[in-house]
Structures are given as C-alpha cells and as structure tokens.
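One chain, chain A, appears in both complexes that follow, with chain B as partner in the first and chain C in the second.
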Partner chain A sequence: MAFENTVDVNHPVHEVRSEAIKNFENLGFPSKKMEEWKYTSLKSLLKSDMSVFPKKESNLDYKDVKQYFIHEIESYKIVFIDGVYSSHLSETSHEGLDVCLMSAALSKPKYRLLIENYFNKIAVRDGLTSLNTAFSKEGAFINIPRGVVVEKPIQILHFSTGMESSLMTQPRNLIVVGENAHVQIIERHQSLTDNPTLTNSVTEIFANKRGIVDYYKIQNDKDAASLIDNTYISQQRNSHVSVHTFSLGGKLTRNNLQFFQKGEYLDSTLKGITITDKKQHVDHSTLVHHAQPNCESHQDYKGIYADKSTGVFNGRIVVEKEAQKTNGFQQSNNILLDDTATINAKPQLEIFADDVRCSHGCTIGQLDDEALLYLRSRGIPKKEATALLMFGFANNVLESVKIPELKQRITRLIADKLGVNLGFDL
Partner chain B sequence: MAYTEEELKKELETKEYEYGFYTDIESDTFPVGLNEDIVRAISMKKEEPEWMTEWRLEAFRVWKEMEEPEWANVKYKKPDFQAISYYSAPMNKPKYDSLDEVDPELLDTFKRLGISLEEQKKLAGVAVDVVMDSVSVATTFKKTLAEKGIIFCSISEAIKEHPELVKKYIGSVVPRKDNFYAALNSAVFSDGSFCYIPKGVRCPMELSTYFRINQAGTGQFERTLVIADEGSYVSYLEGCTAPMRDENQLHAAVVELIALDDAEIKYSTVQNWFPGDKEGKGGVFNFVTKRGLCETNAKISWTQVETGSAVTWKYPSCVLKGDNSIGEFYSIAVTNNYQQADTGTKMIHLGRNTRSTIISKGISAGKSQNSYRGLVQINSRAENARNFSQCDSLLMGNECGAHTFPYIEAKNKTSQVEHEATTSKIGEDQIFYCNQRGIDTEKAIALIVNGFSKEVLNKLPMEFAVEAQKLLEISLEGSVG
Partner chain C sequence: MLKIKNLHASVEGKEILKGINLEVNPGEVHAIMGPNGSGKSTLASVIAGNEDFEITDGSIELEGEELNEMAPEERAHQGVFLSFQYPVEIPGVTVTNFMKTAINETRKARGQEEMPANEMLKKIREKSELLEIDRKFLSRSLNEGFSGGEKKRNEIFQLAMMEPKLAILDETDSGLDIDALKIVANGVNRLKTDKNATIVITHYQRLLDYIIPDHVHVLLNGKIVKSGGKELALELEEKGYDWIKQEAAV
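Coming up: the complex of A and B.
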C-alpha cells in the first residue's frame, strides 16, 4: 500500500503485492495448531495493537549506536531506523556492485529485470511472509555482479527507536550474488527502546553458479523486542552458502531458514548458537531442500537454556527422488541449566532417494561435572569455569566465523551474556 | 465353538494359510453400520454387565464427536464407518480351503516360509489365545497357568469372571477419549485377551494371542489388557494375519499394559496383516493404540516386527510414572509395494531416574512410505531421566520414502537425551562382496537386512525371532532394483 505511492501500478511488483495481501487475508497469523508452529505461540505478541508504519521519522547519532556496528572493520553499511533508510549512518555503493535500497531497486527501471527475475521468487507463500510482501516498505538490495569478490563485508542494521508505543516493521532484503562472486553480510536487528517491537523480516538470497555467500545474523536484542526472521536461499551449481545465527537476546525470536538447492555439487551450511535466560523464547526452524544430485548440507546448532527460557529446534531435511548421492547432516546439541527451562526439538528427515547419506543427531544434557571440578580445582571460579565449558561446547560454530573481528565481537557478546570476563578472545 | 487344542495346533502347523486365504466358516455377523443399538447389541451378545454397556455407550458418544486424525504421514481413503460390520463370530469349527485355490506365487512364498519341526515343538509350548474375527475362540494351557494363579482368558470372560480387575484397569492407560480409534474400539470391541499375573509370579511360559480377520466386510476391534502385579514377570506375544481381499479392512485395537511396582512386561508383536497386493489394492488398515504404564521400578519392553498392513498407524508407548522405571521400544518396520507405515513410540518420563531406549529400524522398498514418529518427553520432575534413541532407515530403490519425525521435549536440567538417525541404502560393494562368494543378490539382501535388523530381532523371543526373520525375507522379495 505504501509502495503504491512510489511504484506505478503497472509494475510487476504491484501484482505480487495484491496477491500477497489476499494470501495474508486467507492465511492470517500462524497458530499453535499448525505443525510448524507447535512450540511457538505468537499470541502474546499480537494481542496489543501495533502500528505498521511509523508516524514520524527519528534520527540517531552515530556515537549512540556505534556499539551495534562491527566498527573495527571497513564495511558497507545499510542502516534503517524504524524501517526508514538513514542515509547519514549508511555507506552504500553503486561502483561495480549495488549495495543500496529495496525501494530504489523497485522503482528504478535499470533494476526492473532483476526484480522481475528475483523478487518474491523463492519466498514461501505463508501468512507472515505474505504480510511482509504486502506491506514491506524498505530493506537492503544487494546485487553482486559475476566475478566480483566484495573486499569488505556489508552490514545491514535495523534500529527501532520506540517513538511509537509499539511498532511492527517489515524489512525486506534481496541479495543476488552473481557467478563466481563472493560476499560477506552481517545482519542485525536492534531495538533502542523498552517498548515492545516486532520485526517480521524477509530476506531472499540467490547464489548463482560458484557464488559464495557468508551470512551472519546477530540477534542480541532488548527484552521487549521480538523478531520473526524469514530467510530463503536459492543456490545454483557449485555455490557455497553459509548462514550463522547467533541468538542471545530478545523476547521471542523465530528463525525460518530455508535452503533450496537448485544445482549439483553445492553445499549449504546452517549454524547457530543460542544462549537464553529469563523468559526468552528462541525457535530455529530450518529446511534444507535437496532437489539435485551430489549436494551437501551441514547443520550444527548449539543451545544453552537457563531460567524460564524455551528453545525450539525444528530442523527438516527433504531429499527428493532426483537428489541421489546427497550428503545431509544435521546436529542439535542442547544444554538445560534450569528445571524451568524447556527445549523442544524435532529433527526431521524426509527422504525419497535411496543412494543418500543422511544423519541427524540431537542431544540434551548438561555440562560435565568432572570437567567443572577439574577447572575449579585449578582455581577457576565456578562462573568462569562454567562459561569456559560453554565456550568449548559452542566452539564448533564459533570457529567457522570467517571475519575475525566479528568472531571477537560475538565472543564478547556471549561473555557478557554469561556475565563473565574471560580476559581473552577466542 | 468346538475348537480344541489339537485343532489349534493343526492351525499353527498349517502356517501357509496365514498369508492369505479365507477360512470358510459360517459366522454370526452383525449388519453393517454403527449406532447405539449396535453397541448395546454387542454388549448383550457378550452377556456383559450393565456397567460395561454404559462404559461402551459413553465411549461411543465421545467417538461421535471426534474427528479422524490426519496428522500421520499416510494417505488412504478413509474407511466408511457405517459400512463395516462391528461383530462377527465364527459359528462352526474352521474348514480349510484347498491349497489349489491359492495363488501359486503365494504358495511358493509359503514353502519358503515353512516352519521346521523344531520350531513347531517350541511353538507348541506357548499358551495361545486365538482371536478370530474379534472373538476369542480358544485359550490353551489354561490349567497350567491357573495353578500359578495366572489369569489368561478372553476379555469377555474376564468381564464376567473378574469384573473387579477389569473395572479397575480398563481405560486407565488408554482412556476412552484418547483418540478417535481408541474411542471407537472402546465402544465396539468384541473381544480380546486379558491377562493377570499375581504378585511375585514369574509366568512360566510365553503367553500369546493370535489375531485373525476372517470375515469380509468386518472390522476387527480387539482389546488387550495385561496386568502384571508387583514383582511379577510376563512375556506376551501377539501375531496377526488376514486373508487377501480387494477391499481394505479396518483393524483398530487397543492394548493396555499395567506394570505395577517391580513388575516386568515384555510385549512382542509380529504384525503381518495382509498388506495389499502389488498394485496396492486391498490390505488392512492397522490403526492401533498401545500403551503401557510403569510404576516404581517396573519395566515395559515393546518389540515389534511390522511387515504387513496397507496402512499402519501405531505408536506403542510407555508412561514412566514410577521412579526408576524403564521403557524400551524395539521396532522393525518393513514396507514394500504401496504400503505406508507411520509408526514409532512415545516415552513419557514422569518419575525420577527413569530410562528409556528406542531402537527403530525402518526398511522401505517398492513404492512404499515408511515413517518413524516418536516423542520423548522429560517432565520437570523427572530427575536424571535418560533416553537413547536410534532410528535407522534403509531404502531400496528410488521410489520409496523414509521419514523421521522425532519430537523431543525436555524440561529437566539433569536429564540426558540422545537421538540419532541415519538413512542409507545397501551398498553396491556389499552386494558385490556377497555375489563374489556365490551368494545371489536376493539372498545377499536378506543377509544384509538381517544384519541391519539384528539389534531388534535379538529382543524377540526365540520362536518369534525365527519367524520374523523369514517374514523379513519374504516381505522384501523382488525389491531388488
């Protein structure tokens, strides 16, 4: 609707939107009766009225929000405040690649072909995604032409300022990575207020032949902030895409991460660290859809749950009949620190091809008492010893972060979350 | 119902008949359809006391309000519940059809299945309760068992002779409202087995029930209730067969196990209902609710070999209520042609130090779909609860599917849950290795499947293990692609 001011009604996107509105009207918000939402209820989030479009624009000073950037490194930045693009905090580019805005991509004729080919092409037509498609106003548009290796990472930041009492934003990102291109992207949603916010984000990523995408999601939001992140990835032959999700803060976080493999000899990596306390709820819902032969997928999720928090891991691997010689791996390891914490795991395999190797493992346990005693008998206080063991537990995921500064930052965020100062960076 | 032990033995000997022909017995069959009158009529026919009739009617009322579950990963044409006869009892002693009438292809299968004399001897040492078309026709070894104080009879007999036990425990583990099929069963069950092992008694022989659907157009609804009193032990076997028919037949059973303090129940099933023909025509719909309740230090062990049925919907479960109780589930599910199986278990950990083990082996061939669906739930009171689950699937050919849907819910920080699942196929190199040594491909596959299922087969009582092994071979015949 908001788009109709900027986009002419003849634009193909107009039709996509009208269809999405209809879709949402039919489907509505997901309920716990749906198998995919069995363990996550949006009821508490949706009971209060939310404004969908912010009434006034707000501004932020860089020094106030600097801490949320990985500022140690050179990077492109696309920054949004309450869903509105902030040009003075951002650093975009059109030189050799496009790091710019969704609204620009949708309105400028030169991107029309890209939009027609990619916009809303792999996003699943469920209620929440349709809602986003219908009402999304802004987001990042990244287009890396073939052969371009982007020399610095791209940071996408969404700030909520809480000028409105409660706000629902619908960011929409589209990322197209050409043949042989390589890009690293860091995405973060950050609320700056104690008012409740709900972000319903949709990201579509297209990796063409031999493209490499490393995508990092930092989710360390305020207690009142909730996030529903829908990320859809389409991969062509020989491409490598990895998505790391670090869920540390926020009231309710739901990650719908879906990979669609559309070529041979490619691999998909999904990794995550989840550390929760209080009444947090983090839900990882993954899907890897193997439709072509000789592909691989790796999933590795580590979760530590304290207090009254709840963790959900709902992983799905589907192997189609054609996808012979698939190698699919899925692992979810969880630690419960309190009896009031809950973990619900549902690692699923759906396999229609015979010549495949698929395995999944899921464990729920606790830290090793003996290891804890070993550390404590060497003078390491209990809190630090516990933290050390947790770092060890999560290290598998942490060590595959390819940007050293980011790794350091996440280590520090985790240390903060655990309330320890380790005195060193991993 | 002149059905003697001798004849029963003969029936066991003529095992061929198991895999598909119809025993031409005159039977007393109710008109099709279901309403309160039919429920009353069943109850009257069984000469049941008033409370039982009321119990059934209540279940029927609940059932009317319920809808058929659709969440299972199976597709089938829903049975028309008004087109089934809910009661059918054999009137005369069975006469067997001549073997010439049987499909020669099937006969060949029978020959290879033929049970050796050794096994027959062993089989003869088993106390059997035969349920044909949902009516118990014979219970053997009753006297031997009675000496020990063990009650082993048909459930209708138990309702008449041991009402206090039945009244206390029936519906206590699987309530009437539990699910659609359990409610239906509670309303219309016509017979089944009842077993009570007194305190501290170790049942000297394997108890066995043999189920058979014989009459066309009938559904089979049997109800099994096994109560193991404090410190007792029983091993219970269950076997099922049905004739080959073009239409789908419905089988909706309820099995309730109650293991009181320190008791142990071992329940083994070899399910070989008619799976439908190669085109997927006919076959039995097997919608079964099986659940056991473990009190302190008790143990329930489910072992199942599922080779039959067109559609299987079955989740033998354990409620680990007492501290230190143990639940086990060992399963082999084989699907071929157009069979669909959605089977698994539920382990509900309520007590402290409860443990459970789940070993599930799924083998799919042909155009079949085989799903494991399981739940491991650790409640917040279940300190030190421990679960280990392993689900392995084997695929043969690229037209079948193997699926795993495990649900794991943990609410206790001292619990340990492990789940692993793998899916693979029989390696070409493995077959080549066997071929090289003069073992033909079909035998090689049987060999490998046997190895794959060994962990579960080992848990079966001897006489069943041999039969199960053969069943596996036969079910997979011709699936070499």
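Coming up: the complex of A and C.
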C-alpha cells in the first residue's frame, strides 16, 4: 500500500487522525484468522497498490446517472464522484437543517462543537474504520436540529468512474439527528465502470431523544465493484432507528452494522434482502448492543443465493447486565437455489441480564417444489413462478420500506435481478 | 375435448395408472370415483403435468393437442385447470397479485395483451361475489392461515377467474361443511357452459348431489373398471366398493 502523506496538522481532528493512523498501522487489514472475518477474505481485493486520494475531478451528466437516483420524488442530494463532491449533481441545504459536506463540517468553526461531540465518537477503532478515519476527506454531513421533521428524503450517492484503476475511496458520513427530529436517508454506492473498484465507507449516526431515523442502503453495484460498509449508530432514549440493506449487486460486500443503545425505551431495526448469483459474496455482520433497560431490537434478514455465490450472516446481540426487560429478536432466513451456493449463518447471543426476551431463528432451505408446481399449474411460467416465490419470501422486509417510490424501485431492481417482468406492484 | 388413451403412469418406478381410457366432450361433467389408493389423484396430477409422475405409455390430448410433454404452465395455457386437493400456502403473495400474475402470464402466452387493471378488478369483484368471498380475503397471503373450506373456495375462485376449458376438481368436497359445499357447487354449476368440461374426483357421492355428473367412472387399482350414469354414484354410496372389486376380479 502506498498512501500519500498529506494530513493537515492544523486540522481540529488532527489528533483523531493521528491516532487512527497508528491504529491502522498496528491492526492493518482484517484477515480470515479473525473470528469476525472468518468467512470473508479481502485478500483478492488488496493485491495492488492503492491510493486513497483521488487525483482529479471527474464530471458526470445528470442524464447519464439519473437512473441511480430515486428521481420520482423531491429530495436533497449529496453526490460524490470518486470521492469528490459534485456540486452540480447535488442539492444541499442550510435552511433549517444542514445537508452538506463533511469537509465543510470539519473546517468551518460553526460546526466545531458538533464535530468535537460526534466525529469518531461511536465508530469502532478497528483496522478498516481507522483507515477511513485517518484518510477520509469527504462524505455527507447531515445535521437535523431538534424538532425538525425533514419532509424530503436525503439521497447520498457515491459514484466510482474507475478512471483511476486502483483507488480505494474512503467516504465518511456523519449524521446527527436532534431530539424529536425525523429524517429518511437513502444511500447508494454505484460504480460506472467494469474496472474493479473498492470503497471503504464509514457512517456514524446519532439519534437523540425521540429522534427517528430511517436509513436505506441500496447495494446494486456492478460485478467488479466491492464495498466495505461500516455503519455505527448511537441511540438515545425513546429513539427509533431502522436500517434496511438491499444487497443485490457487487463482487464483495461487507456490511458492518452496529447499534449502540444508550437510553431506555428505544428500538433498533435491522432488515435486509440479499439476492446473489455468479461469484458474489455478501456478508452481513450485525451487532446490537443493549446497554439500557426496556429496549427492543428487531433483525430480519432474507437471503437468496444462486450459482457459486456466498452469503454470511453473523448476527450478534449483547445484552448487558443493566439491560433488563430487553426484547431482542433476530431472524435470518435463507434459500439456496443451487448446490454450489453457500450461506454461513451464525447467531451470537451474549446475555448478561436475567429478565430478557431474546429469540433468534435461522433457516436455510430450498424453494418449495410443491409451491412452484401450484403456481405453474395456474399458467405462471417456471421463471416467473420462482421469482414470485422469492418476492413472497422477502416481502415482509419490502413491506416495511416507508417511501413508496423507493419500495417500487427496489421491487423493480429485484425483478431485474431475477430476470422477470412481473406486472404488479407488491 | 379430452382424450386419454391407454395412459400408464408411475412414480419412482411404481406403476399407479395402468391403462386409463377416458373421453370427455364439451358441456359434460364426469365423476371419477374410487377407493383410497385407486389412482384418482394421480390421474388428476398427471393431466395437470406434475413432473413427479412419469407417463410410461399412452397419451393425453386436449382438443387434438397432445399434453404429454408439456410443462404444467403450458397445459394451463391450453386450458387445463386443477383444483388441488391440498392447496399450497404461499406466504407474502396476495390472492389478488397471484391471480393478476396468473391471468396476465396466461394471456401473454396466448399472444394477448395484459388485462387492463379496471377490467381485472371488475372480474375479481364479480367472481369473488359468486363464491361469497370477503374482499379482505383477497389481500391476504395465498392460502396462508386459510381454513380448509376457505382454501377450497379459493380454488374455485381461481377456476372462475381462469375460465379453463377443462376443470379437474380433486376431492374439492373434502374439508367442506355443507354450506361451503353448496357455495362451491353453485359456483362450479354457474361456470358450466356447453364449451367447457368438468371432471369431479371424489371419494364420496355427497358432492354429486349438487354437481350432477353426466358420467360416472369407477377407478380401481389404476384402471377404470366401470362406467355408468349418475345412478352409479348412488349405487356406490349404498353398496360401497366391494362389489365392484369382486366384479372386476372376475
């Protein structure tokens, strides 16, 4: 690896960065020897020397990338091309809320307090996150003040052009949601090239008291694109945070999704639909850390794996001694369409409190032949019948998407992935 | 309409149908009766195209087209409909979406345009009223948590929606109380025209009080051993199957 040496020593987060560099030097990239990385190897992605800083700005026309936006709805947009902010594709705001850039937040004095309070405060200090903390230059900064209900969803889009062949982009997002505030965010990483791309993204989300955050991740990238997504969420009392992850594309996708509960009577929701084929690899590593009494967590992941693709579901729930009356629910349902497909599912419950309700269920199965015959005998061809069964299987995750246009889009992406054109809205 | 000639079929190498001959003409209702294990449901499955069964000899033709090698969906496109003895539960797929998909895929296969949404809704409303099906029922997952009676009524609702040339009702009366049985039978009777045909497969004569067959066939050990008019069903109800077994043995 060759990293450019351009860290600004006068930066307010200089100390954080220096520490992160040391951390990364000590820890390096994760290897399969580590328990949490047992089923996912980054080896093949890290072969060549990589740069973490893009050298030049690229430009894109809206009409060429419109398809990657949920363009049917009004929204704020924060768009990056190879890690560099694209002002002409973006629609940011400072009116009643901040939808802007991480670089602005890090440099402008008016954000200094927010940065001091929130930047790198919940992110775990592992190798990859430290790498991002050390070298990230840009990302989305979203600050929703107390009581603000954001009417329009916010879209964060990261495009990779692949013009520089060995770029490892390090987007860094910080989202602070004030008391009683409400925001919906859609995030997408999209490669525009058939060259390999690699993204190591870190997002920190802070939901203050009674805050509501609905976060949607669309992972439908090209075959050669890989993504390591590290998302850390800190929740205060009575807040509701949900993260939906739709993993359909990409070469290797690793989702480190970690929730830290810091107050009582809050709930955390983690849902996902994963549909893979060819040699795709999708790894969901989740953690819900219950540290306070009377909280809930709901995890529901559906996976469908074809060809030689591999899935991992590593779902960890920790319930601290103080976290009495916790209600933790975790479910991972998987369908293997071919003998050559693999799913590694590992629920991990670590419960130190004695008055809790925690349940986990994991199923691995095949498509039901009888159900298939039933649908086919009503004139639905095999391919469409198979797709219909998969939609049915994943439906309760789709159902909980609260933005109708987004739900429709994801339905269509799934239909495209399955190669069918089913003429109805689910 | 339907011509079955010397049909032999087996499952996992075991022969279940041992030479069935049956001809059904438009406008007719045929009943196929027989004791458990005689091959009634197998016959229904083989006509519908269940790939678990292998046709080892003979042929099935619908309006001159041989069905033997056709996939289940192709048979449906030709106009075959099987009301399942045990309808399968499909979580996450609503009755309405299922029906829309089935009808539009069938139309597509026949080279027709998709059915316009308003026409589809009107049809769904009409046919659900015919079967006295609650509207709420249509937005539930297909067969999931349905009672036995609801499942069977839903099968006949699908029959009404699909308007096939040949309907095969496999033990549709099982699990139905008398009121549901009347609704189902009324539905089937109302759908009868001089252009379509119905095969009713049943163990008991009960359903035949409401759906009056033109012909009754007794299936025994994979063969039709006796055919007659509707009075044959009553005779079977009265005397059971033993006398037929003895007759067949002679």
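Following the convention adopted for this analysis, the second predicted complex is superposed on the first by the 414 of 426 C-alpha atoms of A that agree within 3 Å, B and C clash if a C-alpha of one lies under 4 Å from a C-alpha of the other, contacts with A are read in each partner's own complex, and residues count from 1 in each chain.
As a convention for this text, a residue touches a chain if its C-beta (ideal position, glycine included) is under 8 Å from a C-beta of that chain, and two chains touch if they have at least 3 such contacts.
These figures come from a predicted structure and were not determined experimentally.
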item: Chain B versus chain C as contact partner of A:Tyr374, first or second or both or neither; value: second
item: Touched partner set for A:Gly392, first chain B, second chain C, both or neither; value: second
item: More chain A residues in contact - chain B or chain C; value: B
item: Chain B versus chain C as contact partner of A:His360, first or second or both or neither; value: first
item: First (chain B), second (chain C), both or neither touched by A:Val148; value: neither
item: Which of chain B and chain C A:Ala104 touches, first, second, both or neither; value: neither
item: Touched partner set for A:Val124, first chain B, second chain C, both or neither; value: neither
item: Chain B partner contacts - residues on chain A that touch it in the complex; value: 35, 321, 324, 334, 336-366
item: Sites on chain C touched by chain A in the complex; value: 48-51, 71-73, 75-77, 81-82, 84, 87-93, 97-98, 100-106, 109, 114, 141, 158, 162
item: Residues on chain A engaged by chain C in the complex (per definition of touch); value: 368, 370-371, 373-382, 384-385, 388-389, 391-396, 422-424, 426
item: Contact footprint of chain A on chain B as seen in their complex; value: 71, 378, 380, 393, 395-425
